[in-house]
Amino acid sequence: MSHNTFGHLFRVTTWGESHGPALGCVVDGCPPGIRFTPAEIQHFLDRRKPGQSRFVTQRREADAVKILSGVLPDEAGGEYLTTTGTPVSMMIENTDQRSKDYSEIARQYRPGHADYTYDVKYGLRDYRGGGRSSARETAARVAAGGLARKVVPGMRVRAALVQIGDKPIDRANWNWDSADQNPFFAPDPAIVPVWEDYLDDIRKRGSSVGAIVEVVAEGVPAGLGAPIYGKLDQDIASGLMSINAVKGVEIGEGFAAAALTGEENADAMHPGENGTPSFSSNHAGGILGGISTGMPIVARFAVKPTSSILTERPSVDRDGNAVSVRTKGRHDPCVGIRAVPIGEAMLACILADHYLRDRGQNGERVVDR
Amino acid sequence: MSHNTFGHLFRVTTWGESHGPALGCVVDGCPPGIRFTPAEIQHFLDRRKPGQSRFVTQRREADAVKILSGVLPDEAGGEYLTTTGTPVSMMIENTDQRSKDYSEIARQYRPGHADYTYDVKYGLRDYRGGGRSSARETAARVAAGGLARKVVPGMRVRAALVQIGDKPIDRANWNWDSADQNPFFAPDPAIVPVWEDYLDDIRKRGSSVGAIVEVVAEGVPAGLGAPIYGKLDQDIASGLMSINAVKGVEIGEGFAAAALTGEENADAMHPGENGTPSFSSNHAGGILGGISTGMPIVARFAVKPTSSILTERPSVDRDGNAVSVRTKGRHDPCVGIRAVPIGEAMLACILADHYLRDRGQNGERVVDR
Amino acid sequence: MSHNTFGHLFRVTTWGESHGPALGCVVDGCPPGIRFTPAEIQHFLDRRKPGQSRFVTQRREADAVKILSGVLPDEAGGEYLTTTGTPVSMMIENTDQRSKDYSEIARQYRPGHADYTYDVKYGLRDYRGGGRSSARETAARVAAGGLARKVVPGMRVRAALVQIGDKPIDRANWNWDSADQNPFFAPDPAIVPVWEDYLDDIRKRGSSVGAIVEVVAEGVPAGLGAPIYGKLDQDIASGLMSINAVKGVEIGEGFAAAALTGEENADAMHPGENGTPSFSSNHAGGILGGISTGMPIVARFAVKPTSSILTERPSVDRDGNAVSVRTKGRHDPCVGIRAVPIGEAMLACILADHYLRDRGQNGERVVDR
Amino acid sequence: MSHNTFGHLFRVTTWGESHGPALGCVVDGCPPGIRFTPAEIQHFLDRRKPGQSRFVTQRREADAVKILSGVLPDEAGGEYLTTTGTPVSMMIENTDQRSKDYSEIARQYRPGHADYTYDVKYGLRDYRGGGRSSARETAARVAAGGLARKVVPGMRVRAALVQIGDKPIDRANWNWDSADQNPFFAPDPAIVPVWEDYLDDIRKRGSSVGAIVEVVAEGVPAGLGAPIYGKLDQDIASGLMSINAVKGVEIGEGFAAAALTGEENADAMHPGENGTPSFSSNHAGGILGGISTGMPIVARFAVKPTSSILTERPSVDRDGNAVSVRTKGRHDPCVGIRAVPIGEAMLACILADHYLRDRGQNGERVVDR
């Protein structure tokens, strides 16, 4: 098993389990001269943090990030750090690891979880809280994403939840400000009370439900990407699919493109400012032939319902015996909610990587040489 | 631009343009001792070949594969070749490159095509027939896939078209044999006349339409994959998204999982034969936590409508002037049809790669040492 | 800058500067089921640790390793840990960072150091104690090497110093036990008093001198390596050349092979036990055609003299002005001494990587599946 | 086996055996807009070509290169081609494959050759003329190097033979022009008659001898390289060690640095033109801390004597029986001679790669965008 790293020039390696002392990431390839504060990174971690509302897991983690390398403090003092081009190591200590008896889960395979497949692959696994397959790993991604956002000048990456269960938002109501003002990252204020009632019911029944997240990056220059097997959409698909519980990824029109005609789907172009063409629509989601067009990058991903539910399900144990499994513990009724900041982080990292691949390891060379 | 290779141990590099002398691939990491005939590879190329029916491009290419390296002939004579573990270089010569005046297309950006983005990225492009962004590149993938199928013992990879435009198949009629008996790779015999009429109309109007392809791999052992950023589903998403015109990829329930509850989605397990658990359903599409479960791998991908259409569309030229573009030439009314064998090839290559990552570069060590 | 990782399946990523809070590594791809104690890792760190004798830098660091992830404690209690196949994160805190005024060194380029080149590349650098270019980074490699040694069953990796300045050992006296009983890792007891006198003189003059290290791995199975660009000797050359101050690497006869004839150089083979051929000599250093022969792997590398010396040298500052630089601080008169355990660690990591590439990510599958 | 590719952004994949129909390479990541003629590539292939003098193998190969992809012809006609940024596929057909009985060599292991190790690794091998381990593979590298030379503006890469057997050149006589005027690539005219006599004797006895090659790149900008595991010297060491029969690599002073003091070894710096420092010497060989200094890159590599000799040597066959092997056929008495253009090609490719890693995939963006 050798793939806890992603990226080609902007490379993120994550480590850590749910119930070890800590987890973290090493961001290699971050250009020198990027100024940031730990508080800026922490902001994104706080958005992903558990225990923020009754709709997410009640585990309580400070998720406080420590920057261990790759930066110089400001000579003038103050909170600002400047990257030096060397690996930025960030660590988050685990603090709320409930001490409990894991002997049952250690031997049983929870349906829908990675218990069985990890055991098949490795012959043993860290069963404590899901171990490495726990979504806690994504805290490290969010920290890396905080840095990645600074790599592409002028880029803004945002995400929102566009569907919970069979209840999609009304896109006519889209309002990015709204997405920061409710516990669902919903961009449609009208859907909020609907989802509250729906998820309260799901939660009380000890059930769970899936969701769809939309991620949008604005300010991405045209020309990022690399045919044929380093296409920007391909790396986005890979990155979003790597998020726990994701089962589908689409760009622009996505699956809906199957039902369109060529006339409906192809975005017409017009002369734009400064000689740059403008597009009259964005069915392509900002990518043609694997390369960015300059329009916003738009991707969506589907998150399956949390597999941890209170209903008993038939399963087997390590010895192959039939068992009945009921997952206790603190879990998310809709893990898709917390996937919103994770999706942002992944998209930011992938765009940072392609930006450096196009522009060179030092990117814009933000420090004057 | 440095990404015409995919795979980590079973690595495929493709090269070649639509209108150069040839195209091909180098398959590196193919285990030694695999016996095959060029005819077996040719079989898959013939399935992808243009000109097979009125529903695909009328370009006429023999697409005859030449094996240039990496093999030993049978000592006994005969058609069989045996891989030696060194790179297998395969070449397909271009024969039907219509000589024509490309000066118009060289300066205009066809909407929905990669013309503009290639020019932004590289400052120049091979405009002849789409150059490197032409789907002719996929012939090389299909050749590589022919070898990949032999790497995983007992594996069978098949694909079918499950939707054209807004017309999906009836899954109750699914019949794999049918998929080989009509020009659409349709697994539902009842849909064939419907699609014929529909596509004839599209074709005559010089229009195009999208489609959805389903790819299934049976006989894949449990345990293939690699968390966290080398997940099997992640590599499948990347591989399928790399196919020309693909805008979405999903595994198992895919986007439909968003509307399911945890009870509906998680596949129950039961004691199976030889101590191996069996699953009562396959919502997961054969993958949990990024690792194969032993159930069939099921993926779908959405193909956008061909951007080459006869209707005039507004666009710009290289100098930023407004132009009106109408794409002449021999094109596919539904490029999704020919994506069927390509999807199979990509899935076969990805599974071969993960098989070797799990089992070692020599895989099953098919040659006795 | 994106290359703080080496290895293809057994991948080591290091991070950390000389004067940050900590440094460490993430070992990705370590097979599951490997049992070890932190004390075993610490043993190798202690060999590399500064302040062990008057011949190395007097900086005092505990270099105590913390294991942060990738392991399960023994169920029975006790010091033993078992790897789970997930990334093993190891951290070493910096404790003896002398607070001092670095303003001079921040602006001046020390001859022979990486000061100028880092500034050219990144536009800024962490000048505190050499920052990332400090040999303190190698502590992380030694920790990784401690794990790597356990990956290849039966392998033993040892190194020794075979030359300081112009004073080589007498190879007729070679005694591995001796190498652990003197501050130079000298395998020739007779050279020890000679080197003591020589280095005392060098040290007192504030000068420095180069050295040559020999690394030997026994118990390496035949068949490791990968032609043409993943040759075992090629990866060894890369790995050893990556150690600070190394200027040359050779395998087996190395540069001396230039003066040999084919008759002298080629190792004859004879029928051996169990059908395995035996070699009557090992001029090849255990590698033919990039693949291991089963004989001991033998490599040597040349370490240049420490560039930090008390003699004033002409140089320039960041503004291009002529300056005169004299390096104060605690330094090694012969940095080659501490390169001995580092060379061992690099060779162990590279062999672990190739072992897994040959045998599969789970290697010997040490845990029964 | 999956490593017939080197480079990170400028990636070269080679394929082909000594006795197959052809061999070649795919150069991926070559920037767009580079103009060249096939004759320029052919020039370097001709330097490496067999049969040029009595001191190299008498195999007769035209080694004519065909460019199969990745280029556009000049609109004005003429021989010039322009790269498009897509993979450049180059092929060289094998023409002089002597048809002979290989049954003996197929079963016997030639001492010093890769016969045994290939069989151990793959269980079978292409024994015809050495198959993939034949130095014919290096023709593909030389073709790739011809392109690489054009990637770094103003760079000049040259190599020369500095030692045959125990007979080094007199460096005081160094004259680059001389290196092109004798069959040895000797930069010292005075050594030519000495080597002629010496090698004639070696050749007539059916023996062979080793050699040392020096490679120099001028015009390399400061700042290329990447700490800690992507050091420029590390990639040079890896690249040169990948050449057949190479057993040692050194940079600048190399192994001689072991005997120097810090005062002797560190290159002093002085204020230079345009604010760029100048170095008063180049013991470092143009690299400090893994990053180029702007001084010439200087590397040397040792080539072992050809293992194919006429003297009978004891060995074993595939069944483990003792045999006596005498290598007939057309071989080089000093394979180091033809390694000269190969060393140049490898250094050019590695520098092109690091140039693009520093400057972005499109490098200097030679085409105006």
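We call the chains A, B, C and D, going by the order they appear; numbering starts again at 1 in every chain.
Throughout what follows, contacts are C-beta pairs under 8 Å (C-beta built on N, C-alpha and C of every residue); 3 or more make two chains touch, one makes a residue touch a chain.
In UniProt terms the chains read A, B, C, D = Chorismate synthase.
Only a predicted model underlies this, so the values are computations on that prediction, with no experimental measurement involved.
Peer 1: Expressed in steps between touching chains, what is the minimal separation of chain A (Chorismate synthase) and chain C (Chorismate synthase)?
Peer 2: The fewest touching-chain steps linking chain A (Chorismate synthase) to chain C (Chorismate synthase) number 1.
Peer 1: With centres defined as the mean of C-alpha atoms, identify the chain lying farthest from chain A (Chorismate synthase).
Peer 2: D
Peer 1: Report the inter-centroid distance (CA atoms only) between chain B (Chorismate synthase) and chain C (Chorismate synthase) in whole Å.
Peer 2: Chain centroid spacing, chain B (Chorismate synthase) to chain C (Chorismate synthase), equals 45 Å.
Peer 1: Quick check: how many Å separate the C-alpha centres of chain C (Chorismate synthase) and chain D (Chorismate synthase)?
Peer 2: Those two chain centres are 27 Å apart.
Peer 1: Centroid of chain B (Chorismate synthase) to centroid of chain D (Chorismate synthase), CA atoms only: how many Å?
Peer 2: 37
Peer 1: I need the residues of chain C (Chorismate synthase) touching at least two other chains; which ones are they?
Peer 2: Within chain C (Chorismate synthase), residues 1-5, 9, 14, 86, 120-121, 132, 226-227, 356-358, 361-362 contact more than one other chain.
Peer 1: Which residues, counting only chain C (Chorismate synthase), touch chain D (Chorismate synthase) once they are in their complex?
Peer 2: So the residues of chain C (Chorismate synthase) in touch with chain D (Chorismate synthase) come to 1-6, 14, 109, 111-114, 116-118, 120-121, 132-133, 137, 163-166, 202, 207-212, 222-223, 225-231, 233-242, 247-272, 275-277, 280, 284-285, 287-294, 302-309, 311, 313-316, 319-322, 336, 357-358.
Peer 1: Name, in rising order, each residue of chain A (Chorismate synthase) that touches chain D (Chorismate synthase) in their complex.
Peer 2: 9, 86, 226-227, 356-362
Peer 1: Considering the complex alone, what residue numbers of chain A (Chorismate synthase) touch chain C (Chorismate synthase)?
Peer 2: Per the touch definition, chain A (Chorismate synthase) meets chain C (Chorismate synthase) at residues 1-5, 7-11, 13-17, 20-24, 26, 28-29, 31-33, 66, 68-72, 82, 84-89, 91, 120-126, 131-132, 356, 361-362, 365, 367-369.
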